[in-house]
Structures are given as C-alpha cells and as structure tokens.
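Before I ask anything, here is the structure I am working with.
Note that the chains are named A, B, C and D in the order they appear, and that numbering of residues resets to 1 at the start of each chain.
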Amino acid sequence: MQLGLVGLGKMGFNMRERLRAGGHEVVGYDPRPEVSDVASLADLAAALEAPRVVWVMVPSGTVTHQTVGELADVLAPGDLVIDGGNSRYTEDGPHAKLLGDKGINFIDAGVSGGVWGLHEGYGLMVGGSDADVARAMPIFDTLRPAGDAADGFVHAGPVGAGHYAKMVHNGIEYGLMHAYAEGYELLAAEELIADPQAVIQAWTNGTVVRSWLQQLLAKALKEDPGFAAISGYTEDSGEGRWTVEEAISHRVPMPVIAASLFARFASRQEDSPTMKAVSALRNQFGGHAVHRISESG
Amino acid sequence: MQLGLVGLGKMGFNMRERLRAGGHEVVGYDPRPEVSDVASLADLAAALEAPRVVWVMVPSGTVTHQTVGELADVLAPGDLVIDGGNSRYTEDGPHAKLLGDKGINFIDAGVSGGVWGLHEGYGLMVGGSDADVARAMPIFDTLRPAGDAADGFVHAGPVGAGHYAKMVHNGIEYGLMHAYAEGYELLAAEELIADPQAVIQAWTNGTVVRSWLQQLLAKALKEDPGFAAISGYTEDSGEGRWTVEEAISHRVPMPVIAASLFARFASRQEDSPTMKAVSALRNQFGGHAVHRISESG
Amino acid sequence: MQLGLVGLGKMGFNMRERLRAGGHEVVGYDPRPEVSDVASLADLAAALEAPRVVWVMVPSGTVTHQTVGELADVLAPGDLVIDGGNSRYTEDGPHAKLLGDKGINFIDAGVSGGVWGLHEGYGLMVGGSDADVARAMPIFDTLRPAGDAADGFVHAGPVGAGHYAKMVHNGIEYGLMHAYAEGYELLAAEELIADPQAVIQAWTNGTVVRSWLQQLLAKALKEDPGFAAISGYTEDSGEGRWTVEEAISHRVPMPVIAASLFARFASRQEDSPTMKAVSALRNQFGGHAVHRISESG
Amino acid sequence: MQLGLVGLGKMGFNMRERLRAGGHEVVGYDPRPEVSDVASLADLAAALEAPRVVWVMVPSGTVTHQTVGELADVLAPGDLVIDGGNSRYTEDGPHAKLLGDKGINFIDAGVSGGVWGLHEGYGLMVGGSDADVARAMPIFDTLRPAGDAADGFVHAGPVGAGHYAKMVHNGIEYGLMHAYAEGYELLAAEELIADPQAVIQAWTNGTVVRSWLQQLLAKALKEDPGFAAISGYTEDSGEGRWTVEEAISHRVPMPVIAASLFARFASRQEDSPTMKAVSALRNQFGGHAVHRISESG
C-alpha cells in the first residue's frame, strides 16, 4: 500500500527500505534533502492519495509534537497518522485529540529492533482503534519479523497502549542489561575464570540465560576485550525513567529496574555528591581519612 | 565412550538418556533400584573398565560430599570424577584434593538447561586440567547442544571455574527473571494494556528483550492467565546467595541481582519484621494508624 | 499576633494550643463545630483584622486546593496565606498565583514533629518572599522548638522551597526507618542476641546511630515486644513517592530511599505479581515446584 | 580497678584517658614506645595483679588474632581478656576457645563513639558470661556515657553477641548515612533550595530525622560547603559487608543496607565494568554512541 514516512534517520531510513522491499510505495520526508523524497510535509501530503496513512518516525518530545501539529494542518479528514517514535504514552492522548479535532485518526506504535530491524524485522506494539489498526496492517505485516504474527506484533489496546508496552519493554531491557553486566563484572574479577568472553559466549545455546542481549554481550566482548576502549558513561533515553515513574504511580515495587536506572545516572557523574557526604560523615565521627580532591584528581 | 553416572533424578535420568542416544555406554547408579543399573557404587566401579570416568549428579552439599568420599574409596588411581551438580565452587578444591590424594582426577561441571536439556542439550561450563577435560570431551560433546561448540560449552579455567561460571549464570538468571517479572506486573497494573500475555508474546521476535526466559514467561501466562493458580512464594537454591557473597568478596557492586535475591527472601515471609518496625515507627511519631494483626488476618 | 488557622485535626489542633500558650490570638476553623471557633471561612475572615495571616493545615491535595480557592474569595489584598500541610511543592506555584491574582500573598511551610510537636516544637521549613516570611516570623518563632532558631527553622528559598525541603526530609525519613528496621530484623533473627530491644535501647547514648527514631524504635519494641500485635502493612503519604520522582527528574541516584519506598508498596500486596511470575518461570525451566494458591492459602 | 590495655591508637589512647579520669589504674601497651606504659605484653602481664583483666583494642583480623594468641601465652588461668576491637563475631568463638583452653576467660565488646567517645562516652555492646561481664562492669561503667546504663550499655548475649550487635549497628550506620546523603544530593540539585546546609541544620530540633549523624552532616557542610574539598571515594571497614552476609545467611531481605554498601564499592572504582558492559550493549543493538576512553579521559 501507499505510505508517507516522516523522518529518515537511523530507524526511518531502514524502515523505508524494508517497506519498499516488501512491495509498498513509500514517500519519505526528511529535512535533509539528500535522503528525502519530497521537499516538505505539504508536498508529502500532495504526493499521497487520500485517505492517507503517514508514519512519523522522529525524535520523541518536541520534534514529534511539532510534526504532529504540522500534519494536522496538511492532512485531511479520514487520514491516519502513526507515531512510531519513542513518545511517552501520555503524549498520545493529546496527539490523538489534536488530530481527531480535524477528523484525522491516530495510532501509536512502539518499535523495537534498532539497527537490526532492517533485515530481522521490527517488534511492534501498537495502540489504537480496531479499524485504524486493521487499515495499517499491511504496513505492520511487512515491518514485523517473519514468522507467527503474534510473536512480533501486538495490538496492545487503545491509543497509548503501544507506547506503554514499548516503555515497559525498554524498562525491562535496562534490568536485563544490568543483570548481565553485573555477572560479567564478577566473572572478570575472579581469577579462576580464564576468559569471561568465552563463558558468556558459551551461554548461547542450552542455558537458561540465553538471549539476544547475551549474544550481543559476547559479540561486544569479542570486539573489545575487557571493554578497554569504552567508558561506562551511559545515557538514558527516557523510557527507563518513565517506567519507574509509572511503577510509582501504580504502587508497583520495582527495585531491579530502578537500580539499573540509578546506576546509569551515577555513571554520568564525575563524582557523587552522595558519596562525598558519606565520606565527610565518616570523617566527622570516626576521624576516618577522606580523599582530598587534590589527591584524587 | 563408557561413563558411570551417579544420581538419576530429574537431571541425571535425562542425561543418561541423551548420552545413550549419543552412542555412549552409561552405567547409572541411584539408590532407587527402579531406575538404577547397578546395586551400589562398588558395583558401578566394577562395571566400568579402568581408567573410569564417573559423573556425579546429586544434590549439592552433603550428598555430593558424601558421594565424592565414597567414590574415593571404590575408584582407582587414574580414574576421573566429574561433579555436574550445583556445588558451590569452594567445595571443588577440597573434593579435588580428597580424590587427588588417591590419584583420582577431578572436573567440576556447571550444567544448565533444566528439563529441556534432554532434547535441546545442556549448556556446559567446566573447570579442570586440559588433560582431564580433553578426556571427557566426548561426553561433553554429546551433552551440549548441537551447533558451534563454543556456543554451548566452555572450559572456563582450573578446578572450580566451572561451578563459578554456573553460579554467575544463575545469579544473572535471578536478575533477568526479576526484570521481566517487574515489567509484567506493571503491564498487568495498567488499564490501557488489554492483555499482558499478548504483549510479552509479541516480544518473541525482533525485540531487544527477546530471550528464552521471555518465551517461557509468555508460555506460563498462557497456561495460567494472571497467575491465578500459583503463589509468589519462591525458593532459592543457593547460587543467588553465593553470587552476592562473591560480589561482596570481590567488592563488585551488584544491586540488581541482590535486589532479586532479597525479593525471594521476602516472598517467603508471612509478614515482614522490617515492615512491622517501620509501621510501628510511623505510629510512634505521627500517630499514624497501624494494621493490627487481628484486622489484617 | 493574630492568626487564622484552618484545619484543627491532629496537627492543627495541637498547633492552636501551642500558639495560644505562646501568647498569640488564634481563630481556628474546622468543619467539625465541636473544635471550631467560627462557623465558616467567611466568619474566620470577618473575625480577623486586616491585613490577615491565615494558616492552612488540612490534608494535601484536593482539600488544600479547595481551601486555598475559598480563601481567595473571602480574604482581601494584603492578606497572607500559609500552607502548612504536606502539599507537593509543585502545587505551591499555582496556589501563589491564584492568591496573587487577588493581591494575597503566599508562604509554603513544611512542618515536622508529628504528635510530639505540641510540647517539643515543630521543625519548620518555609518558602516565600523575605517580606512575607518576616511578617509571619512571630508565629514561626512560637511553633519552632526552643533553642537556636537555625536548628529548628529555615527560610529555604522562594515559594515551593519549604515543601520541597519537607519532601526531602520525609524521603530521608523513609530511608532511616528502613535502615533501622533491617537491622532490627537481623538482630531478631540471630540466636546470639538475647533481646533486640535491649540492644537498640543501648544505642541511645554514645553511639553513631543514636537518633530520635532509634529511641522511638526502642520505645515501640518495649511496648510491643517482637511487634506481635501489628502487621507490616505500611501506608505512604506521598512524600516518598515525590522524592523518588524528583530524584529521577534531577538524575540523582537514589537507591536507598527508593528501596524503602518499594518495600512499602510490597507490604500492601496480598501476594506479589512479580514473584508469581518469577515462581512460574522457575517452574517452566526447571520443573521447580510452585506453591499452588490452595496450598499457601 | 586495674586494667591492662593493649593498643593505644585513636581509640585505645582516648579510652585510657577516660578510664584514668574515672579512677581506674590502666597499664597500657602499644608497640610505639612513646605512648606505651610497658615494653611488652609480658611486661604488661607482670605489671598487673592476678587475676588480670586485659582489654584488647587493636585492628581487627590478623592483629587481633595474633594479640589474643600472645596473651594466651603471658596470661594465667582466671584472667579475663576483652576484645573491644571491630572483630567479626565469628572470630570470638575461636578466641574464647583458644584462651579457654588455658583457663582464661573472654568477653567481646562492640564499642561505638569514635573520636567523640573520650568526652561523651562510648556506646557498649558486650557478649560473654554473666560472671565475666559482672567482673568487668566497673570498666564498662566508666567507658559508657553518663545517664541511664541501659541507654549506653547492653549485655547482648553470650560470647559473640557483642560484636554481632556492633556489626548490625554499623550496618545500620551505612544505611542512615546513605539516606541523609541522598537527600543532601537532591537538595543540592534543586534550584529552589537556597542553601542545603541551612536546611539540614534546621532539622536539628523538632524534626523526625534529627540525629547525631544529621548534626554531623550539617557541621561537615558548614566546614566544607558543597563538599568541594573531598572526593566521594569511600572505604568500608568490613562491618557493612558482614552485615549483608549475615542477612543472606539468615534470609533477611536487606535492600537498603546492601545498596549503601554497593555504593561504597562503586565509589572506589575508576570506571565501572558493569556500566562499560551496559554501554557496549546499547551500542550493539541501537547504534547508540559510546564514550570512548580517549574522549572521557
């Protein structure tokens, strides 16, 4: 079918390729002319036959919000907008309303798979009405991985449910990565273990902890033994924070995912004000030595 | 090749089957005559040609210790004992010494795969000398999953390294399970999500969190929607505790695996003395109501 | 000086008493006629000479919001409203604006001390303009504990700062209580310790962990040895949740306070969906026994 | 009464002073002649009338073990040794046995108070027989703070109980310090808060979180605003590790104290292998940028 695709970055670019390979007609728009098929969102609208389906794949937050607002102006009643970015689910309601006021329909779609999605397919979690989801199904069927549809695609609920499911997916991802990483650090600290990489590699088949992330960890360690080349400074893109905030809102105990989130915060601090305070306290009551900045610098 | 196998429980029984299917001659011993091939460990020794290889697959701790001691009596110099149970790695040195004093060699083998190992193969992590590992390799090759050997088997280091690697594997397992479980609880708490099972099922292909445990979680939820039939009471078999103790010993921060371990402890308490104390404190300073035992029963 | 006091519950009632004992003229309003000095907020306004100072001491959230709205109607330009409840600091700006639009000034005041404040005084953290704080200082001076003013009162910053400081105070309180409680549980679990109460009592003087909470814990254990009479079910009033949310917003690692918050959530669950999922997973891969609901009930 | 005191470091030196001021005759021994009263342990034994009481106040572990062994040689049946250092409680049994084989009695004493103990007194938790504790009571009565004996001294149980209680005391201490420190970091991160020091100072009277540690934190911040002069690198002396190990051994959930322990471990790492692994994983699946060592150095 015909699809407008706004945003041709790392994700959108690959998705256009996969969709075209799947036989769809994709008109892509991106502010960078070298990758864009049209010059503007208005041109995008003009290039598509009504009723249109337009997939938005731009950075979450301001950019997505702006894009949805501009689409509300150039699209027409009966069109359908799919937000496939990592928007917080709380933004989906307002976007659906903003578009709905003009008769335009809305689906939110959580998309997983990263750079591997082009060839392996993207895991999809979508939220919206049955009718809207049915309408976009040919697109979803091409984007999702081959195999049983239920293993790579879910209509998770009404508007917001897709991004909610993706948020939880990413929160879990934080916890999984941290569990593997703690285990790696312990293996690396123990003299008995000749090569942590080989141990982690050997978990690929047959073990309880086998997973895609486990294989990626083995691969990463092979490429950079001991992780000598990179630092532990780790960004977070928001979903981990939102997941813990949702846990608090629902009174769900979430110690594991929260611990992995806090460890990312700590990884980005040059020094920890908390630990400075602890160290100062030890010095106060016990006369324990503190590390002066001049020493530790 | 020929192998003695001591312990024909859930794991050992299946391993005998897999090994025989792989063309090995296995003489199994178990105190339960209905599954045992011989009547005693002495008979087991007599039934094997020297130099023998004997695999021990019995409960860790006392039973393993006793079995190793008895094997030291019935085996002969040049024989090889493999402890495939979930022994703590600190017991491997003493066992190697006890056997070594009689000229008997020793390998420790961490075995993962549970009830699925019979058909899928067992992930193996072994510790011992190169010569001993080479000698037992035909057994390892049959037990491990098909495919690249490095993906299902590792000679992790000297005696102790196999159980150490398995301990870390299980510690990671605690963290992974807890991360998935926290995500599940949040999905189940959120009204937008029509069916948590469908969401988790849809992570099977293409997503970052796809794994064997994720598939098992989807399967478990399908079999028992909402986990209505089971309680949260969760045992721990020791490896989680040992992993955190090793982390402390190596000064490795391990918040995620420790949190998942503590949650298991808490799951087995009828009521929490810690929370009783917190509740009592709130009542003391704020006059906040407490739940009397009579109310909460 | 003259003060209007709205809300004569556990806190407000005692504060009226302390303020009157300190020589202030307090007109109190409460919907319960048996404790109220006047029949309505309008009567309260009428009973005070302009420019008025009115202290609001009602439940945070809806009730506070409503009360501030009603005061905006019955008060006059130049009056001053002090919100002494446990409002979230994010509500202070809107309340200041709502009142400011009518020329009414606003201070937020965090008040600590619970039922003990009547005699020991209340720890105060306030936010607002220098002029407003100066104007209410006679009230603050009577409410705060005797001794150095800086030890029981702080003008923490502009509007919002008082409730922010109180929120952090309460977040810390969660962590402190949980630390003591964990220690108590361990003492109670260890056979060597003849009487945990006596140990905790003995920390009152000379030790590093001595504190008011430690004394309250000793007192609580004396009154209810082993906490036999109460359950661990523990409410939370919001500040702990807000503190962790602020930590997330500021990217501050907060594992300790978050852990104590999550433990409260868990204390209120009849069974843990997370642990049900973990238990189900263990059963799936290892054939480990699960506790069926029928057994554990 | 007469007392031998072995170890005249930061703690022992002050204790000798406090005991002498209390009217006791103290013979101190230390390898540093400038502080020692006698030249050797043998001289110490010779200088005391039998039956002797000797207090050991030396670093825990090897030094304590050695000292106890040497005392077993120079003391006589009927003498009493008190280990007042921070020994792990598991060492008390062996020490009691080693001395008991020669007819020498043993008490373990946990001592809290640090550099402040000289003037404020030391919080004492002791383990041993009733008879031994009664015999040393004049010493305990002088060392402990003034006031009700039950508020500064406890006979916690048989040999080992004193160090156990002290270990738990220190574990709690870790949690308390970390809770305050997390709150401090949040206050410092929030623009509304004019001066975190003033807020923490204002918690001294009337608040729920008031404590000695809270006052020390206010004092430390006054001396070094913003902790500009010190780093967060924080040692741990063992009790925190032992407390968490005991929690694991007793199946006591201990998330708060464990989190504060792990944060200390992390504070001493130049970079975190765990976070390197997490960062590498993000790069693998998402193409997310990592910080190369060359950039972040």
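By our rule, a contact is a pair of C-beta atoms (placed from the backbone, for glycine too) under 8 Å apart; a residue touches a chain by one contact, two chains touch by 3 or more.
Everything quoted here is computed from the prediction, not taken from an experiment.
Among the remaining chains, those touching chain A as well as chain B are C, D. Interface chain B/chain D: over half of the residue numbers present appear on both copies, so the contact uses mostly the same residues.
At the far end from chain B, in terms of centres built from Cα atoms, lies C. Taking the mean of the C-alpha atoms as each chain's centre, chain C and chain D sit 33 Å apart. If you average the CA atoms of chain A and of chain C, the two centres end up 38 Å from each other.
In terms of their C-alpha centroids, the spacing between chain B and chain C amounts to 46 Å. Chain D has residues 114, 178, 180, 182, 185, 189, 208, 212-213, 252-255, 259-260, 262-263, 266, 272, 274, 285-286 in contact with two or more other chains. Chain-to-chain contact here is organised exhaustively, every possible pair of chains being in touch. Chain C meets chain A in the complex at residues 208, 241, 244-245, 248, 251-255, 258-259, 261-263, 265-266, 268-269, 272, 274, 285-286. Partner chain A is touched in their complex by these residues of chain D: 10, 114-116, 177-178, 180-182, 184-185, 188-189, 212-213, 216-217, 219-221, 224, 227-235, 255, 259-260, 263-264, 266-267, 271-293, 295-296. The residues of chain B lying in touch with chain A in their complex are 89, 112-114, 117, 120-125, 127, 144-148, 150-158, 160-161, 164-165, 168-176, 178-180, 182-183, 185-187, 189-190, 192-195, 198-199, 201-214, 243, 246-247, 250, 252-257, 259-260, 262-263.
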